[in-house]
């Protein structure tokens, strides 16, 4: 955690990396709390792309009307390779300074925070991070903005597929998002009554899954659902289906939920989390704290140095998977 | 259309082929109207599979409690290759006669109706069909049970994906169900504001789609959505994305909505349609009509000979696609 | 139906009366089809209120971005007593003529169409009506924009209440919208499995309802739901509950669904209906037809003279209520 | 917290008080974890009513199939005045002992836990409580089962009403559940962007609310929403509307969300919470702990003596209301 002493009068806010439902609620909180504290607030479009391209504009209270319930991000997001280099960040810092922006709120994930940390280290532009990603895999915060919505969206799809699985006595393999972490998979699997869950952190195997499914069948269960995280690239569900077919002759159906998990109107929990975090980020800057992320620990908000956030991994709770296994008997 | 004179006292009901939301409402209507008319009603499980395997049981009023709002089919469904042969149907007819079942209500699609027609022709078991399929591609009925729900389910997913498409300024290709017909694609495309719609009945091309997208871009649109029907097998969206990438360098994201389109609690329209059709099917049998399907023509229910139904194709309205093209400018 | 010969170059569009989901899709269709036909399109705010106050502005293609999925109406709506008088309409006509607006599309209900008809009669401003009201009680059209969404919204609430009714073995009386007509009540009642439905057009009584509920109880049903249309003012459900308590001692719970039935993202059917009707309204004006409403007859769009529309009443189908009664046994 | 030494072999589970979404997931967890631990599990119907009436039956794994996603409670619930007296509890204890039930899991709220505590004190029947109530007002647990679902259900209704409020430039007063606590009101108000929130714990007044609304109007806001908890009996929203009309002449519309807030398919968070708590309750009994409730503290499950739970009140966080006030500017 770092502290700074210059007075904050103009702040910039941007969303970066993958979009997540609730980002708009966070932007709204930054803008409205900022203005309530007599700050000028500037929106930077398309994340670091807009910082490079000088796509920056002042935001007013009314610009935030009617956005709390909308998915995506009104500031749009983007990924910039140019910003990844020191020369790029020199340019970004110049743009920010030309606007007189003296502090930033960055809404995004790991990669976005690394950029924010670099801006502070290299150009002394104070920044506070707000964790916005459906994957929930940010170290230092129990929850990230968008995770609750994504899990509920995936769950709705799974509830629907179960209707069909049950009507046809079938095995379904459903692939959810979560490249490096099994948060979505484990939560959705437990909530959706899945027979088996494949998560990057887990250690189940096709053999174990088949044992479980056969056991369930012997007890009268006629249809089953396996949830898998997407793995390094989408399509892992097809590989699983093929392995199951080879080992058992069972013809599993595959469904890849895909990008719909990112969108949609945010749940109450995500809107509240985003509102609280956005407000806390502005408060922290006004108190002279920076190079931190706002996180949650239970019901409380905490401040975590960006350095810690980006250097550690947060792993999904395997106990949810064990519980799901017991409960889906 | 055929008529028969024997008195109906015991009827059987079954669901066959792909499941569709609203099938339970139709079963409920058959059972409850049947019992209100002093009939005994028997449920045949897993469609023709259960007819072959003698999985038949009497249904009572209370068995239908609390199912109108549920997706899938409580009678389950199935596909039987054995029943496709005359010997198979001999066996099926024997089972039905052993139970004293003197008429049938078949809830399903084209293939299911062909089976019902054969039972009438070969074994004089009167049957009335009720069109239940999410694809809406049954000749003789404006609407089929499950179509409205499937379209709304797909539309919700598309609304969500649009959030993400807009946040990243991206082109998305979304694949919906509809192997041989573009009903879902055209309805969802118009309702979802898609820039282009690929339907089996349509004549658009990758070039036309690209023209449209570039034109839209020139007018300030930064994200676009293409809807495609799945084609002969799922995955057509990937082929389109590849063709677009080759021709234009644009990197489109793909989302295949898949089986979730079959499930879910039926919409009001599907529950009402299913209730009315199920009731009408029993009424028709009681009046001595058979070898027909109950269809809709606007708000009215009509009777259509099964022969006509299975020999004609029903094609999606291309005017919805033209309208969608104009409106997505 | 009337015809006019002047060339149309600038059209105005407005929403009037109660708002209904899908109105935005209709506005979008009017604007985009109009512009595609080289018309200038003007939006009149707050219905006739804006016509009186000169709140009129030109609409462009991009103004219609991202509204097809939104409830309410971006043009807002209103009720004007001033416009109800001839002097008021003189003023309205002057404002329209000052903008050069030579034809109108009015999206609303009965009352709104009477205003449009008067503008044509008194000031020769041609107008085409598009029926937008959740009540579905517009003569000349099978369906109105917003009805399908309202029914589904009410149905979701009823499905939820049934969970609670069943858990407590209770009788619930649920009040839905529909001041003068029982369309919502009858559709929601049938789709929601209600034991009894009170509609303005119906002839059931508290005694009949109690008989039905007691009969259901004797067959093992432990919870029941009664649906009632709101009647001349909201609160009819409380009167029914009181009457039931007095006659039977049964303590019914009351739930009044209220204004949430007006809002929400429109269903696919409403978006498609609105898109088709909006487009057809512009087409009709371009062909010189006016003083008509676009209606539906089954799947087809038709044109109905406004005079007919406003002078006749459309009544809910009581056969849906009879069917609901049989099916809820 | 108490400990007991007798071996547990047969446990009973029941739901009591108001029903809450997720109760079925908790029952499922108790039954399946219990059976996995070689216990016999008995379901007691209608809460203490069934304990008095001996409505108790053994539950098997398959009885729990397909209920995790359903609202309400398959064991039904009830309120028993007889059980409130010591003589009643003597009878209840006799019934339990006749079945050989040697421990209980009680899913419910404050009142239900008082009953469980009395059974332990007077009859040494060990019991573990699981907090199930949409109100979230149970001391000792951050979250209760059903709260998250109820908040999201109310939020959906509010999002819909906002469409209508915005289309008519109106003030709406929406009444949510929460007799003695403002948890639902404060969460829904913040997430729904409400201008003012009336909670039992709060200290806002009609005058303050009017000031806020006028201020918002002066900044260009044309519609507003006030959220109120129901207060000691439903209908507080009407009183507020009347007070506002008298003081300001503003004609506010009222909507009382009512019982739909109790039902519906539980959210992912509620299913997971219920699954974890149900499992933890069985674990606690197997370890010889009783007279406790399973609660949450952040992400962790904790054990809280029932005595503490029933003697303290848990109050809603007023800071959410302050934040909502700032963010709705």
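In this document, chain identifiers A, B, C and D correspond to the written order of the chains, with residue numbering beginning at 1 in each.
What we mean here is this: a residue touches a chain if its C-beta (ideal position, glycine included) is under 8 Å from a C-beta of that chain, and two chains touch if they have at least 3 such contacts.
In UniProt terms the chains read A, B, C, D = ATP-dependent 6-phosphofructokinase.
Every value quoted in this text rests on a predicted model; they were computed, and no experiment measured them.
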Check your understanding: Which chain has its C-alpha centroid at the greatest distance from the C-alpha centroid of subunit C?
Key -> A
Point to revise | Gap in Å, rounded to a whole number, between the CA centres of subunit B and subunit A | key: 36
Revision key, fill the gap. Whole-Å distance, C-alpha centre of subunit A to that of subunit D, is 28
Point to revise | Separation of mean Cα positions, subunit C and subunit A [Å, integer] | key: 40
**Study point:** Touching two or more other chains - residues of subunit B
**Key:** 159, 162, 166
Exercise for review: Indicate which of the five shapes (line, ring, star, complete, other) describes how the chains touch one another.
Suggested key: ring
Study note, to complete from the structure: Contacting chain pairs, sorted by label, are A-B, A-D, B-C, C-D
Point to revise | Residue ranges of subunit B touching subunit C (in the complex, touch as defined) | key: 28-29, 32-33, 35-36, 61-62, 65-66, 68-69, 142, 148, 151-152, 155, 159, 162, 166, 187-188, 190-193, 219-221, 265, 267-269, 271-272, 275-276, 279, 297-300, 320, 323-324, 326-327, 329
Point to revise | Residue ranges of subunit A in contact with subunit B within the complex | key: 15, 19, 21, 46, 70-73, 76-78, 153, 156-157, 159-164, 166-169, 172, 253-264
